[in-house]
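Two complexes follow with chain A in common, the first pairing it with chain B and the second with chain C.
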Partner chain A sequence: MTSFIHPTRRGLLMAGGAGLLAAALPGHVGAQAAPIRIGFQLHRTGIGAAYGRWYERTAQAALTAINEAGGIGGRPVELLFEDDATDPKRGSEVVDKLTQQAGCDLVMGTLFSHVVMGSAPRAAELKVPYLVCSEGYHVASGALNRWTLQPGITDVRAQISTMAPWVAANLGKKVTMVFPDYAFGHDHRDFFTAAIQAQGGEVVAQIAVPPTETSFTRYFPQIPAETAVLYHVMVGPAVLTFVKELGEFYGTGAKPALFGFVDSLEAVDTATPGLEFLEGSHFWEAHPRVKAADAGEHEDHYRAAVGVDDNGASVSDAKDVSTYSHMFSTWETLYFIKQAMEAVDYAGPADRQKLVEAMEAITDLPYGIERPQGAKRFNGKTHQVFGSQHISQVQGGKLVKVHATTIDEGLYEDAVDYTSMSF
Partner chain B sequence: MAFGPFLLLALMEGLVTAAILALAASGLSLVFGVMRVVNVAHGEFYMLGAVLAWAVTTMIPGPPAMAFLAAVLIAPLLVAALAAAADGLILKRLNYDPEATIVATIGLLYILQQAALSLYGPNANPVAAPFTWRIQLPWFGYSGYKLFVVLAAILVLLALWAFMTRTRAGLVMRATQVDRTTAQAFGINVDRVYMGTFALGAGLAALAGVLIVPVQQAQYLMGHDPLLLSFIVVIIGGLGSLRGTLIAALVIGLSDGVISMFFTPTLAKILATLLVAMVLVFRPQGLFGAKA
Partner chain C sequence: MKPWILHIALIAVLATAPLWLSPYHATNLARIMVLAVFAMGYNLAFGYTGLLSLGHALLLAAGMYAAGLPAQLWGWAAGPAFIAGIAGGGLIAAALGLLALRTAGVSFMIVTLMFAQAGYLTLLYFAHVTGGEDGFAVVSSGRVLLGSDLSTDTPRFLAALTIFAIGLLASLALVRSPFGRTMVAMRENEERSRMLGYNPFTVKLAALTLSGLYAGAAGAAYALLFGYVGASFATIQYSILPMLYVLMGGAGTTLGPFLGALLMFALIEAATVLTTAHQFIVGAALVVLILFAPKGILGTIRERWLRWLP
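== the complex of A and B ==
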């Protein structure tokens, strides 16, 4: 009869062996129970809902890929999505909730600039890294803080400074701008006006449209007759109405050349009836929605992972068009987090400051599956990433890439040095 | 653009706004006039009309014109049925007490809005217009469908006027509006009149929503603006007066079109709100309302 008090020799050997085996296991197996938690501030409802839907899908796809490859530093990763209703006030509450209640290591994912502006101060108070996917110039302008970074998408200022020379050389020099009347639109207004002047052109009229507007015909008569190029960038649920009414207004009559930011068409099918007038017009794209003939080697893998076909629509529903020129930023931001966390051997919230410093130290971000949109260069001082841009033309109802810019074309002087600020 | 065509476009845009506003506001005005209920959920009936129009047109195959015709018939009826149920389940049980019904309809607003969010989702979805005919004027092009909206609104409002003045049901409704107790004493089933009125008011808002959806898109938050503008129109026109509502809708719609085109849309809203304030100060019963 054996017992714990009088163990057999065989029992002792087995227990000893098991102990040795457990000690020999790599450390991360023991840490499986403590995943890295990343909070995602999501525009699931409100005016940003179309973007939110695709931001969630893209981030989920990147999460799956990262976890299948062993997670971050050997630890599994969790994403916690929380809806902010595309509302600045709710935005700061979401940052709070994700950090304090859900215990997230950092927060990411915000697109709309007014939500970024409303949430970033709270992130700084909580001393939690806040990684936005927003395009706004607000990060690089110095208006925000040490805890807010934009590592996944270039800002409007860089995008515009690469577009203005092309517009002036190919479309015309007298430009009328139509833009949403808040921070993001004002970035377009200010930087494009300056950039086209540098090319010897001028902005002949600036037409600001409130972001909640649902009817646009009333704004079009303000477009001066001398306009050679109509520059449009609209956002929100009414973008389809905007382009349709623009088509009705000009109809078969004479019209200026159209140059739009694809924001005016994100989540909208370019072949929608009523949009025929867009044929031949040009759009800025960060990441060509319709797979380009010379697309990089990782393009197919990325599209398959997110569930997008070669036309940029959902593989399960061809009518569900993606926000292709923005959503890659969530994918690239997740890989940026992975790179920084692994560099500092991130253990938990106590390492948050070290993590931001590691992010600031990152510079070159080469093309790869981590960055399906293309190579990037991160500026640790301004917390802003720089990348290449594209111009596409609507041909046969599809966006066809016709021009690409280099990273260098989008660089500009630093307006701030966040690394000199205190945490 | 020269002044003439500029003004023409402003007036056309204003007429479309006025037409939609007249439909939605006449529903609000009717409900207040007959039932003395300030229906804060009115904008949500408008939204439901648009959302149901999307649902109907996506479910019915065939040419856009057929699907849209089906939506024009089905969506307002469904919304009216929902409103009738809300009347029986909520408003009737509150004995149509003015304060209680305001709070109840605020609750109804949130229930309908969040139900639309849960069941329909947060996206703005387009509905194809029944026809794509477009007018090309020498100075600008204009959507033929928008002119159809104006025409349709005029026809519906004429039908409403005929219903109120020429039919027995209209007579009963007007009798209830003048004096509820006496109407009851004459054997009018006031509960049924109230239910019918609430359904009719909601149906008119839903019809406005169906008509506007090919121009805009169906989205769960779209009820805000028409609610606000309907209240402005109804207050200026006089609560309960259909004629006042129509004239106020024309004034607000056209001034909105002209002012937002020559100046800014914000200024148009400021002036409309100022007009409401002025009416409330100098003629609290509204331009055509009877003294309370």
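== the complex of A and C ==
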């Protein structure tokens, strides 16, 4: 006699088998559909907050687009944002938290160079891919490691070098440089000085301004009279004062042509009172903030997805100006991750090394919705991407694109081969 | 005897932490112990000697660069680099003290703040050597101590624990020694101490130098254990942090710096989950603490319940 209390052996086996199947099924189905978790090291507070706000919006927009198109390899994607306070020490802790605590498959999104430098060693220790959106030369210089890559934005060396031919041909060959006296300014000083010399030009004066300076009047008399081009890369809240005082110094008299980097004016409206002196001057832009007349076919889609109008400001608040020349990097980095993960059929953290190798194997990145800024070429040895640059002129208080460089103009010799390093 | 048992018990509990903590929390505990060494040094100057400095970031950075640069430039291993870091912190503290201790009170705060700012700008100015604002990642060969790779979890935790344990027991021995009591005398009544025959300048200089040795050790440990050296550690933020740790844990208590560093770290971790305005939560917590427990947590416990707490 069999009963519930005295089951048969077959009954027991069947029940056990059914139980095992029931236990395994949800897990199996769950593993198939388990989301890919991407940690985003975000400058939500600290000096990088204006950039961070737009990095978050752009990455969210890309995430929505990717998920709506089926995710990565059929799996949905999650972004986990964690504030690093734009601080290298906290940055390293955030990499740790996103990787070990939140279980992210990789970490991305860092902009400020010092946070990248502080965080990259921890990423290498944890053996987690760390994809930065920083434009620093630190990746391609060989200062970092096998796990750190920059696939979404060109580096400052390439940007500066490509500007010199246009400046020499269109603005003049005798250049005076005014730059902040720390790493960012020194990169400009060194790379531009060499690049303009290669064009037969020369830097007639280098005026280094201490980063704590709040008034610049005393530096302007150091600008030689023979100066044809004034190259300025002041950044931070002092920019408005710098431009205003420069305007007062030259008054309505003759002045050199001005050339700057839009880093000075990211998240700042170029029509802000006090910036009138910039009218007619030129700026480097990675991605023209004001929609160019010859913008690519995906430009409108990208702007709509992120919530940016044709002037580069938020569609919901025209005073909320974007960091347009940097934020596309988060979008393009997410699509780069998608491409590499799908290439290796990424299953989980055990595939991280394979994932980095797949990234290193990527070369051509054509223009498309995946890369709204433009086509790119990735150098797997230096872990750095190369792309086109733009020059815009301030016309009627707006930045109007006047020139674009080719990818080839920004290439330079490799300083490192990360693929020869161990993981 | 009770204080020694308590301190050794704490070290013993911490030593077992990797067994019951996740790797993530164990690594954070290593960070906290390094920060606590920095705060212990600050406590010797501020909590025991009454020297309210706003320039300790300079001493932390001195240790960090004195350890990191030889590793980077000349290939030093972690052992010699760490010793160089301690010496760097102590030397800069002594030099700072020779000049800044000619002042007192608010003037001392301002002078130390100015020297720290000058130190920060010096790091930026010599960017070709120091790496400037970006700093540099310490080469892996410089992170090897007696054959152990300090970039891996267990050796890093043990190294942090060892530095912390030595620092903690040394500070306990120091504050219970005659010199420790002289330091407290300077804090309580400098004029009376002078009348009793002590030279306040030399006592304060010695205390500040000891504080610098701790800060240097913490800076060197951070560089070698976590692999990064950068000028941001020389900014005002890192002068204020040890003060907050000490105020929270209890100024003039040997365990206060560790407790403060631990709680502040936990507070930031918890606050970032709740809100983007996590700095506000930290600030509010400190205001509440200063209003309702001005002597810090252990200072209040000592006052009310455990009079023997060192």
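Assume the second predicted complex is superposed on the first by the 346 of 423 C-alpha atoms of A that agree within 3 Å, B and C clash if a C-alpha of one lies under 4 Å from a C-alpha of the other, contacts with A are read in each partner's own complex, and residues count from 1 in each chain.
Basically, a residue touches a chain if its C-beta (ideal position, glycine included) is under 8 Å from a C-beta of that chain, and two chains touch if they have at least 3 such contacts.
Just so it is clear, the structure is predicted and the values come from calculations on it, not from any experiment.
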Touched partner set for A:R44, first chain B, second chain C, both or neither: both
Which superposed partner A:S92 touches (first chain B, second chain C, both, neither): second
Touching partner for A:T272 - first (chain B), second (chain C), both, neither: first
Which of chain B and chain C A:E299 touches, first, second, both or neither: neither
Contacts of A:E409 with chain B and chain C, given as first, second, both or neither: neither
Partner chain in contact with A:P210 - chain B first, chain C second, else both or neither: both
Which superposed partner A:D309 touches (first chain B, second chain C, both, neither): neither
First (chain B), second (chain C), both or neither touched by A:E357: neither
Footprint overlap on chain A, where chain B in one structure and chain C in the other make contact: 44-45, 210
Partner chain B, residues of chain A touching it in the complex: 44-46, 49-50, 52-53, 210, 213-215, 217-218, 220-221, 225, 237-238, 240-241, 245, 248-253, 272-274
Interface residues, chain B side, partner chain A - complex: 1, 6, 9-10, 13, 17, 117, 121-124, 126, 128, 132, 134, 136, 138-143, 215-217, 219, 221-222, 225, 257, 260-261, 265-266
Residue numbers on chain C that touch chain A, as the complex places them: 22-24, 27-28, 31, 117, 121, 124-125, 127-128, 131-138, 151-152, 222, 226-228, 230-233, 237, 269, 272, 276, 278-279
Complex contact set, residues of chain A against chain C: 44-45, 82-83, 85, 87-89, 92-93, 96-97, 100-101, 113-114, 116-118, 120-122, 125, 136, 138, 143-145, 181-184, 186, 210-212
